[in-house]
Amino acid sequence: MNFWNKIDTLDRRWVYLLVAISVILPFILPVKLPVYITPETQQLYDAVESLPDSSIVMLTFDYYPSTIAETEPMSRVALHHLFRKNIRIVTVTTVPLGGPSMAEQVTREMAEQYGKVYGVDFVNLGYKANYVAVLKGMGSSIEAIYPTDNLSTPLSELPLMNEVKNYDDIDFIYVVADNGIVDYWISIVNALYGTPVGCGVTAVMAPKFYAFVSAGQMTGLLGGMKGAAEYELLLGQPARATTGMDAQSLMHLLIIGLVLMGNIGYFAGRRQKGKKA
Amino acid sequence: MSGMEIFVLWLEAFITLAIFSFLYKDNPVYHMVESVFAGLSAGYYIGLYWKSIILQQLWEPMTRADNPKWWLFIPGIFGLMMFTRLWPKYSWISRIALAFVMGSTAGVFLITQLHGLVLPQMQKTMLPLVNSKGLEASFLAVIVVIGVISTLIYFYFSKEHKGFLGVTAKVGIWFIMISFGAHFGYTVMGRVSLLIGRVQFLIEDWIGSF
Amino acid sequence: MLKNSKIIPILITAFFLFLFLTVEPVLARDSEESAFRTERINALVLVLVFSAAVLLYTRWAKQGKTLFVRKIPGIDAVEEAVGRATEMGKPVLFIPGLQELDDIETIAAISILGRVARITAQYETPLLVPVRYPLVLAAGQEVVEQAYTELGKRDAYNRDIVRYVAGEQMAFTSTVNGMMMRERPAANIFMGAFFAESLLLAETGNAAGSIQIAGTARPEQLPFFIAACDYTLMGEELYAASSYLSKEPLMLGGLKGQDFIKIIIVILILIGVILVSFNVGGWYYKLFEMA
Amino acid sequence: MRTTVPVVIAFLSGLVLAVSIFFRPDKTIIGQLEPELLVWVTIIGGFTLFLGAVSITRVNFNAVQRRKKGWGYSLLTLISVFVMALPSLLPSTWSPLFGDAEGSIYDWLFQYLDKPMMATMFGMLAFYIASAAYRAFRARSAEATILLLTATLVMLWRVPMGEAFLRSIHTALPEWINTYVMNGVNMAVQRGIIIGAALGAASMSLRIILGIERTYMGKG
């Protein structure tokens, strides 16, 4: 048995070990593999960057707990960027399970960092069932759909909401989603009310939406963890997505390397057998 | 952190590590967690079905005061028929309910597959091979048309794959392999994200709490 | 074939009478929008042509015409795998997918289970069928019990061959994975609807050294089965398997009818492509509109 | 009787559902039958869960009673089923621990035991996808070579470094992969498989409605 024979018949547990190492390593030792900014990410960043001071942005938390590894970093970069530019934020969710509490938790954590005040700088409206009706209804009156915020405070008691009546008062909609709701933000809200919409979606969904960006229906797009990592680079604040992307890159390169090694081993083994015969 | 929070955190870490230990080999700790998992999830579904089906979809609509759906006693009887399975002598009665379920499923699928899948997929394949969008769009259209047709031909059962049919089927299997390779490669990222989520929990939330 | 075939025409007549009676008054009341969804007429035509083709081939089969169907290696492998399990004296593990019986893929899987159970009954090979949904449990027990009874092997039958394991997808998977490592089945057969667990099951089975045959109609899971299993039935091969394994000419009628329609579909697509390319296909394209 | 009744029931229910899709629900009774009958199927499934409970209890109880190898695990499963299910069936008016609202035993077990178990099982996929790729992607035949080359190309394209590498070969290469491989070949093949499988499903359905396929009654 020479080296390549062993490679050909490697115990799968060695593969598992390599996988574990390449995912854990970036958390302990930042590898900082290069990240390249794609035009779609740049476009979203520029759109937010060009919003005037104290504009109002609607940020959505349209994702389930199962995809937070990909989606939460996007919410975080969005919050960083918006709070940093003193933009006021209204958050909503169309996901019943966990949606409202995730929005509450992440937003408050980030607000604390930037010294923002609930009700003045940001408001969490929470969840209401039947998303098509919700998305349409907010076009005429947000208060009709959400009489209170997520913690049951009437909107009239929240200073920010006195300025926001419907989509006309919102300068930009920043959607973070892991499901088909994105189509409705585009086909209902952007198409009918003209508010610009930028999106962060999971990597699996992203290819479908590039066409929306080139058609101008969508102002910028973040594709999965990679998009979030690019955004972190633009913000100059590497965080979870950058670490995650390092792990992603290592894993992809590891699998490619393994396939390569496996094939060399396979052909070396075959050549040896050929000689013996 | 409260005592409860610490307990929950350590419980989750224990579960995570116990399941991952299966990667090395099957072991009593994994077997234990697996047994609990199976039992809990069966119990979970009992609670779920009781509330969301028996109460919400059968009992409430049947017994409400205004406009009761009295006819729901029919599926109720079908449902009770299933219990005859517990007595082998009468278990043939349950076949009536099974036949109803299978027949209904077949009825729905007969139409929805042909109407909801075949028609629109056929329509979307009718792409112009020559069009104003340029060479790239034409090339893409050619790929899609050849891909769909050769894949369909690959599954043709009525003749041996020889001659022209054989060539088309060969093209079909090559297209299929390209597609599967692409799909496999594409899925890696999503799977790794799920693992990163777990590792993040273990390193940042659990070890980070020490 | 059908002892009760006389009853069918009577039922159809009664059914259309009922239809007529419920539709007629409504049509008279409101003529603007008919009760019949005229926009779905294209689907109706497709269904009728399809049914006619299947029935015609079935009729020919009944009259004794031989219908040729090429070999499908993945399905032949099912018999070989059960044979190997018999030689080794180890069990066969069959998983009829992770969907409830209201999915046609599961029904296809249950039919295949019926065929597999006949082979295991014949050789008295142990069979294990863990299921995730209760209706699948009932249907699975029914087909397995019947297979054993018909072959006169009632003694070898045990109603816990088909067993309810767990309700949740991943709980089911972890239990089956444990089962594979402990019982070391000689053959694992995965048929029906699978989701992310496809790879979890197939990789574990591979590590346990079992021969593996998978079949699913879900294109997004096929790459993983292809990578981790010895044979994979793709798409319609899953639906063909039960007919093919039955070896009854009558059952092949459906397959042949399906093939006939497939050729028609290919021709219709080609006509569409030509018409659309010359920019004269608008009307034709609309014929296939789903409504 | 034992064969005829089920065949007739399957035929009728199948036919009614197939026909009802062609009628407007607001105008005819037959058009309303489709959603209604599907609720019926769900209800029957709801009853059947009781059989599932009997099955899992019997298998594990037998193992415990006969002290089969590993009976301790079976006992654990049995206990888990009842600890989860029983409190959820009791009315929450008796105690906040009953029912399925937040704070109940049912909800607590789901949140803190079930959920992390599911998440970890999903996390295992990353290990398995790597080992499957390593073992299966060998250039044994032309088909296998195509499979492994496409997979490698797409994996490269997905990560920043790989994408930069591909761009250095040809600037448009990443876009070509997206256009021709993902949206071209991949989409076309999926479509072909979907059409074929739909025909297979329809033919299977027809066999069931017409009573040709009767495996569920033990008749070939």
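Brief remarks follow.
As written, the chains take the letters A, B, C and D, and residue 1 is the first residue of each chain.
One rule holds in what follows: contacts are C-beta pairs under 8 Å (C-beta built on N, C-alpha and C of every residue); 3 or more make two chains touch, one makes a residue touch a chain.
Values in this document were obtained by computation on a predicted structure and should not be read as measured data.
Ranked by number of C-beta pairs in contact, the top chain pair is B-D. On a Cα centroid basis, the chain most remote from chain B in this structure is A. Computed from the mean C-alpha positions, the centre of chain B lies at a distance of 3 Å from the centre of chain D.
Chain C and chain D, compared by their mean Cα positions, are separated by 15 Å.
Each chain gets a centre from the mean of its Cα atoms; for chain A and chain C, those two points are 38 Å apart. Computed from the mean C-alpha positions, the centre of chain A lies at a distance of 26 Å from the centre of chain D.
Residue positions of chain A with contacts to 2 or more other chains are 12, 16, 19, 23, 66, 203, 226, 248, 251-252, 255. Residue positions 19, 22-23, 31, 33-34, 37-42, 44-46, 82, 85, 95, 98, 101-102, 104-106, 109-111, 113-115, 118, 122, 125, 145, 148-149, 152, 155, 176, 179-181, 183-184, 186-189, 192, 194-195, 197, 199 of chain B each touch two or more of the other chains. For chain D, the set of residues that touch two or more other chains comprises 7, 11-12, 15-16, 18, 21-22, 38, 41-42, 44-45, 48-53, 56, 70, 114, 117, 119, 121-122, 124-127, 129, 131, 133, 135, 137, 147-148, 151-152, 155, 158, 182-183, 189-190, 193-196, 199, 201-202, 204-206, 208, 216-217. Judged by the touch criterion defined above, the protein chains form a pattern that is neither an open path, a ring nor a star, and not fully connected either.
Pairwise chain contacts present here: A-B, A-D, B-C, B-D, C-D [touch as defined]. Of all residues in chain D, those touching chain A in their complex are 115, 119, 122, 126-127, 129-131, 133-135, 137-140, 148, 151-152, 155-156, 158-164, 178, 182-183. Remark: chain D residues 2, 5-7, 9-18, 21-22, 34, 37-54, 56, 70, 73-74, 76-85, 88-89, 100, 106, 109-110, 112-114, 116-117, 119-127, 129, 133, 142-144, 146-155, 157-158, 179-196, 198-199, 201-202, 204-206, 208-209, 216-217 touch chain B in the complex. Residues of chain B touching chain A in their complex: 23-24, 186-190, 192-197, 199-200, 203-204. Considering their complex, residues 8, 11-12, 15-16, 19-20, 22-23, 31-47, 49-51, 53-54, 57-58, 72, 74-76, 78-80, 82-83, 85-86, 92, 95-115, 117-118, 121-122, 124-125, 136, 139-140, 143-152, 154-155, 172-189, 191-192, 194-195, 197-199 of chain B touch chain D.
Residues of chain A that touch chain B in their complex: 13, 16, 19, 23-24, 27-28, 66-70, 202-204, 224-226, 240, 244, 247-248, 251-252, 255.
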